[in-house]
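Each of the next two complexes has chain A plus one other chain: chain B in the first, chain C in the second.
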Partner chain A sequence: MSIEKRIIARELWLAAARPGDIVKPIWFLLLVISMVPLALTPDSELLAEIGSAMIWIATLLALLLNSEHFFQSDFSDGVLEQWLFFDRPLAWLVGLKLTAHWLLHVLPLILISPVIALTLSVPGDVSIALFITMLVATPALTCFSGLGAALTLGSSRSGILGVLVMMPLFVPVVVLASGVLIRAMDGSETLPLLALLGAFSVASAVLVPIAVSLAIRVNIGGSN
Partner chain B sequence: MRWRWFHQWGSPRWFYERAGRWQLVFGWVSLGLIAVGTIWGLGFAPVDYQQGNSYRIIYLHVPVAFLAQAMYAAMAVSALVLLVWKMKIADIAMQSIAVIGFTFTALALGSGAVWGKPTWGTYWVWDARLTSMLILAFLYLALIGLRASIRDPDQAGKVCGILVLVGVVNLPIIKYSVEWWNTLHQPASLKLTEKPTMPASMWIPLLVNILGYYIVAAYLVLGSMRAILVERERRSSWVKELVDRV
Partner chain C sequence: MNLKPLKLKIARLSCERDYRLLFDSLAFTLDAGSILRVAGKNGAGKTTLLRTIAGLYEIQEGEVLVGDQPVSEAMHRILYIGHRPQVTGDLSVLDNLKHLAGHDDTFLKCALESVGMLGYHDSLVKELSQGQGRRCALARLWCSDAPIWILDEPYTALDVSMIKILDNKIRSHVASGGICLFTTHQLPTLSEFQTLELGCVD
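Our next item is the complex of A and B:
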């Protein structure tokens, strides 16, 4: 079995051993969303207007919630150190791990978003736009939250720090995504913005793993 | 021989002594410039026909806003020097600039809010330049927090260097995306490529102040670097000598 397959298989086994880690972000997302009408108003017209943005923010938070300890266990049990000795670039292996993370922990959040949109009476075409936006934008967000986790590996009490460090870098994604949603609500063309968002995601998927691998190297070197 | 200049920077003692001398010069020059620029700007520059006297806050606001961004650029250069040449003094520069850059950003946001009240009728609007300045403040805070959380200074420096470089690639994207998102701020009043939109009697004192603030920033960075240097090198003989002399 190639190294790539083994890494993916290991991620799947680990996820199967702890199904709670997959359920918790969805649970969190549902809780945050049910707070919205309670805190604001049950008025479905207003909810339809702000619903998609609310789902987007709640998904962002849920995504950050489960990326906090992204590399921590692999770091402390020495798996990351082993990765340095594989005949593959570290950035490539990091990319694989990020992909597995996206499939296991982020994709479920995206898949459930149309159902949540329904409860906030978001119109159908907007909810489709939201679904596509999330598919296109979350790879970039996953990469950046992975970077936050890698940067804080050496922190004594990392806690929420990785999230705080990475949130400012989410701005372009959030802005472009909200642009798509506003245009979908107006019924105007969303494709150009989705293309920009996609370009940002692709660029992040290529470049951020390199920064992540640098951060991992620094932290492994520093712990000796 | 060509490299001697470069290697001297690696010597903490050389840097400490040399920076002390520069600091003295920078301190006095900036004090003079800021005194001239501020007195001229607040007392003698003409009143703006639209904003009245409230426009005079530009003599503080514009220089600190310039510096808030320039400091990040300086930090990015330090980060590159640190990661490529492993020069420790660059790490100390990065650490100093993060705190001072954050201070300037906070001052720019604060003075902007005070200026916004008479001009726009509100302290804060979610306008493009205000928002990207706020994001810049968060980036500075991220660097300060990240460094504070890592015990080993060498490791902290490298990790912060990576974050600075990721940030410098992202900052233009953040800036343009936010600009596209919303814009209502008046266009920049001083541009290098165009003739200023205000009369010379207004912009010359502003220029004097900008120069003064740049030099005061250098003064502050050098001072902070010297303090950090002494603290990190506290076990070395030259610091002990220094302490004995005092």
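Our next item is the complex of A and C:
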């Protein structure tokens, strides 16, 4: 097996061994969304208006929920430092791990979002826009939360710290995404904003693994 | 398995941690076929030295050359087994080995047989005892073609029979042109090795 296959395969084995990691964010998303009509109002017109934004925020939080321990267990049991001995750049391996994480833990959230949108009576075209926005924006968010996790590897109780460190990077993505949703509701052109979001994701997919690998190196170098 | 003979050269290596000088201007060369035991009290810097040579720590001063390459570019020629388990509790013994060592199942099962863990290849690592976990980690010695082995306390938690197996493996590794660096607080059972005594430089 090539090194790439081994990295991807391990993520699959881990996902099979810890199914809770996949189910937990989905459960969280469903729970938050089911609370919205209860806490706010069951008025379907209002829900249709705010529904897509609610789903977007809940997805963002669900995504943060499972990325807080991104590298932690691999770091503490010493598997992560073994990656440095592989005959590949660490940034490349990190990129693979981030990709696998997105496919296994984030994509399911995106796939169920149209169904959830239906329960909040979000109009069809807005729900499609929501789906596409999430598809385009979540790679960037996954990268940023991975970077937060890598930067705070050395400190105990790093969970929330990583999220706080990365919050400024989340903001532009959230602003652009809500711009897309507002435009979709008006029926105006969403493509330019989506393109910008896509550019954000592509740029972070290229640059963030490099930053993550440097952060991991620093943290391995400073630990015993 | 015959390895391409390789030299490990350490030159003017110094390291300071928390305002304490652990070693200063350390210099030695290990030829193919040599074993080095790094000795010293707790806190003398054995692990730090091994991790620095392995390329895990940034070199503060001096250089470590693997062949004629700096270690940062030659880490794939090193097999490092440290204090940490280096296996994931939630995965099976075989999957752990597959991830770290590659190779196909039959080859890996041979390696597991050598360390007496073949019967456990399907067990999750978290269900094993500490010594069995160490045996899994050490099974990588049977899968690796890296010429330089750096083993930090490899004998910890091993029983007498496994210590013997490990000694034999280290011997055959250096006999085929490899290099092995290790630390241990136990009385070493290997017969021929050089010793580097680390003491606090005050």
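Here is the rule we use: the second predicted complex is superposed on the first by the 223 of 224 C-alpha atoms of A that agree within 3 Å, B and C clash if a C-alpha of one lies under 4 Å from a C-alpha of the other, contacts with A are read in each partner's own complex, and residues count from 1 in each chain.
The working rule: a contact is a pair of C-beta atoms (placed from the backbone, for glycine too) under 8 Å apart; a residue touches a chain by one contact, two chains touch by 3 or more.
Remember, predicted model here, so these are calculated numbers, not experimental data.
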{"item": "Which of chain B and chain C A:214 touches, first, second, both or neither", "value": "first"}
{"item": "Touching partner for A:87 - first (chain B), second (chain C), both, neither", "value": "second"}
{"item": "Partner chain in contact with A:34 - chain B first, chain C second, else both or neither", "value": "neither"}
{"item": "Partner chain in contact with A:44 - chain B first, chain C second, else both or neither", "value": "neither"}
{"item": "Partner chain in contact with A:169 - chain B first, chain C second, else both or neither", "value": "first"}
{"item": "First (chain B), second (chain C), both or neither touched by A:13", "value": "second"}
{"item": "Contacts of A:151 with chain B and chain C, given as first, second, both or neither", "value": "first"}
{"item": "Partner chain(s) touched by A:1 [first = chain B, second = chain C, both, neither]", "value": "second"}
{"item": "Chain B/chain C common contact set on chain A", "value": "221"}
{"item": "Contact footprint of chain C on chain A as seen in their complex", "value": "1-3, 6-7, 9-10, 13-14, 17-18, 73-74, 76-79, 81-82, 84-87, 220-221, 224"}
{"item": "Chain B contact footprint on chain A (complex, rising order)", "value": "147, 151-152, 154-158, 161, 164-169, 171-172, 175-176, 178-179, 200, 207-208, 211, 214-215, 218-219, 221-222"}
{"item": "Chain A partner contacts - residues on chain B that touch it in the complex", "value": "135, 138-139, 141-142, 145-146, 149-152, 154-156, 158-159, 162-163, 165-167, 169-170, 173-174, 177-178, 180-181"}
{"item": "Residues of chain C that touch chain A when the two form their complex", "value": "47-48, 54-58, 75-76, 78-80, 82-92, 95, 98-100, 102-104, 124, 146"}
